Amino acid sequence: MNALEIDGVWKYFGDFPALRDVGFKVDAGSVVALLGRNGAGKTTLLRILAGLAKPSKGTVKIYGSEVREEPTRRRIGVLGHGISLYDELTATENLVLFGKLYGLNDAPKRAHQWLERTGLERVRDGLVREFSRGMRQRLAVARTFLHDPEVLLFDEPFTSLDDRAIAVLQSLIAEAQARGATIVMSTHQLREAIELSTHIALIKKGQLAYAGERRQEMLDDPTWLYRTYEGESAS
Amino acid sequence: MRNRILLLLTVAFAMLIAWNLKNILLGLPDEARQDAVYRILYFHAPAAIVGLTGFGIGMVFSGIYLATKNLYWDTLAASTTEVSLMLAAINLVTGSIWGRQQWGVWWAWDARLTSMLVCWLIFAGYLMMRRAVEEPNTRARLSAVISVFGTVNAWFVYKVIEWVPRLQHPGPVLSFRTGGKIDHQLETPFYWMVLAYMLLGVILVMIRNRQESISHEIDSLRRLAHA
Amino acid sequence: MKQDISRKGAELAKNEDVFFASSAPLRETFFSFLRQCLTIAAKDLRAEWRTKEALNASLAFSTVILILFSFALDPNPEMMQEFSGGLLWLVFLFAGALVLNRSFAREMQNDCLDALLASPVPPSGLFLGKVLANYALLMMLEFLCLVEFGLLFNVRWLGNVGPLMLVMALGTWALTVVGTVFSALTVNLRLREVMLPVLVYPMMVPPMMAAMILTTDLLAGTALGPGNMLWVRVLVGFDVIFTLLGVSLIDTVLVG
C-alpha cells in the first residue's frame, strides 16, 4: 500500500483552478520535495493532504484511508506557516494539549521528552507569548513530531527558522525517515530540499510538471529542474 | 427556450394581475368598518405567504448545493432568498400602511408583523454575509448554513411570538382562517393574488438568477484574463 | 483506532457478557469524544483565565450598559416589575457577544485552528468543547451581572434563585450554541465583530422572549407553574434543536 495516493485532484476557488488533475503516489519512507513558484498551488495541495480542505474533484488516500477519517489523522503531523501554538499557555501545556488531542496516554511524559529534545526544557513553564522567535519555531517542531507521526507534511518549514531550529528540524527529518516515515515538504530552499529528498514533485500553475525520483542533475545543479520544466531561471 | 418561458410567465402574470386588480378594486364592496383600504389585505397577506414559502424553498436549494457542491444551486438559493426578502418587505410596508389607516400608528407591535420583521432581519443578515465573502464556494457553504438555521428559526419565531401575551393585533383582523362567514366573493381574489405573487416570484428569481450567473461568468473570465 | 476498538470488543466478548462486549466500542468512542471535548474546553478556559481579556471587557461593558440604562430609564418599582427580565437579558446578550466573538477569533492567531482541524478531534468535538467553555464563561459573567443588576435597580432575586438559575442556564445555552456556530462562521469575514451580532441577535428572538418573560415573572415573585411552563418548554425545545443543528452543520462551516 502506498503511503500517499493522490488521484485526479482538482481544486477550484470559484472558477479558478488552483490545482488541475494532480496525481501521484508516494511510497512509505520517501521524502518528497514539493517545488514550484509562489502561487503554483503547493500550499493548496498540502492543505488538502492535511485534511484542512476538500478537493473539488479527486481523492487523497493516506495508507489507503480517507484523510478526514480520525484514525488517519492520528498518523499525520502538520507544520504550516503559523506555529499553531497558544500564546497564553506554557510550552508544556501546549504540548500536553496536542498530545491529548492525538490520543497519547502519556502526554505529559512525551511532552517532557520533546521539550528536552528541542532544547526547551529550561522554559517548559514559560508562556509561549514570551518566547523568542527561534524558541517558538522549535516548540512548533516539537508539536509536529510529538505523536510520532508516520506521515509528515511541511509547508516551507525552513523559512524564517534560525540556525539552531534548522539543525533540529533537519536531524528530526532524517530520524523520521530512518524509522520509515513519509515526508512531503514544500520549500523554496532548493539546495536543502534537494539534498534531503528522495523524490521531487514540481507544480506549475496547478499542474504537476514533474513527479519522480530525484536525479543526479538536480543534485549537481539545483536550478536544472526549473530551467528544464519551467523554461526560465528559478524564482 | 428560457426566454420564451420567461415571456410566457410575464404575460400570464400581467393578465392575471390586471384581471384580479379589476375584481378587487371594482368588483368588491367596501367593507363596513374598514372602508376601501381593507383591499390592501390582498397585497399584504399573499406577500407573506409566498415570501415565507420562498425562504423555505431557499433552504431546500441550499441543501441541494451541500449535497451536490454544484454552485448553480447556491446561486438559485440566493436569488430565491433575495426575492423572498423583497416580498417580506412588501408585507411589512403594506402592513404598516394598513395599520396606520386602522389603528393610527405606523407600527403596532402585533404578532404577525413582528414575526415577519424578525424573519426579514435574519435573511437580510444572510445577504449581508454573502457580500462579505469573495470566494464562491466558501460563500455558498456559509450561506447554506445560515439558510438552514434561519428557516428553522423562522418557525420558532412565528410560534413564540404568537404565544406572547402582549403582542396581539390590537384591532379586528380580516382573517380567512378565524372562521366566521366569509363571502365567496371576497375569498377568491385572495387565492388568485397568491398565484399572482407566486408567478411574480418565479419571474424575478429567473431574472435574478440569470444576472448572478452572468456576473459569475464575467468574474471567471476576468480571472482567466489575469492568470 | 476503529480496528483497535473492534479487536478490543472481540476480546471482551470472550470474557464478558455479550451485551457489554457489543456496547464497549460505542462506550469507548463516546468517552473518547467526551475527553476530547473536555480537553478543548479546558484549554479555552485556561487561556481565558490567564489573560481574562474577554471577561474583563464583557464585565466592563455590561456594567456601563446597566448604569446607562438606569440613567435612561430611571425606573420605579412598578416599571421594574414590567421589564426587569427584558433589561437583564439585553445586558446578557450584549456582553455575551464579546465572549462569543473571541471564541474562534483566538484560534486565528498563530494558525491554531488549522492545527486543531488537522488533529483527530472531529469538528463536532471541537464545537462542543468550545460551547462548554463559552457556556461556563457566560454563566459566570451573567451571575456577576445579576448581582450588579440587583444592586443598581434594587431588585431582589434571591427569593426565587433556583428557578432563576434554571432559566439562566437554559437561555444561556441557546445563546452559546447559536453564538458559537456563528463565531466559527464569521471567523474569516471582514467586519467580524459586527457580523456576529447582526446574524445572531435576530435568531435569538425566540429564546430571549421566553427567557425574558420567565425572568420577569420570577423577579416579580411568581413561581414557575402551569402558567409559564410553556416558555420553559420553548427554551428546552430550542436548545435541543439548535444544538443538534450546530453539531451537524459545524463540519460544513469549518472545513471547505
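Going in written order, the chains are labelled A, B and C, and every chain counts its residues from 1.
Operating definition for what follows: contacts are C-beta pairs under 8 Å (C-beta built on N, C-alpha and C of every residue); 3 or more make two chains touch, one makes a residue touch a chain.
Note that the coordinates shown come from a computational prediction; the quantities given were computed from them, not determined experimentally.
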Chain located farthest away, centre of chain A as origin (C-alpha): B
Most centrally placed chain, judged by C-alpha centres: C
Euclidean distance of C-alpha centroids - chain B vs chain C, Å: 32
Between chain A and chain B, centroid-to-centroid distance (C-alpha), Å: 50
Separation of chain A from chain C, taking each centre as the mean of its C-alpha atoms, in whole Å: 36
Where chain C touches two or more other chains at once, by residue number: 256
Contacts with 2+ other chains: residues of chain B: 137
Sequence positions of chain A contacting 2 or more other chains: none
Chain A residues touching chain C - in the complex, by the definition given at the top: 50-54, 68, 70-71, 73-74, 76, 78, 80-89, 93, 97-98, 100-103, 127, 143
Of chain A, residues touching chain B in the complex: 12-16, 56, 205
Residue ranges of chain B touching chain C (in the complex, touch as defined): 66, 118, 121-122, 125, 128-129, 132-133, 137-138, 141-142, 144-146, 148-150, 152-153, 156-157, 159-161, 163-164
Complex contacts: residues of chain B adjacent to chain A: 69, 135-137, 216, 219-220, 223-224, 227
Complex contact set, residues of chain C against chain A: 1-3, 32, 35-36, 39-40, 43, 46-48, 50-51, 109-112, 114-122, 255-256
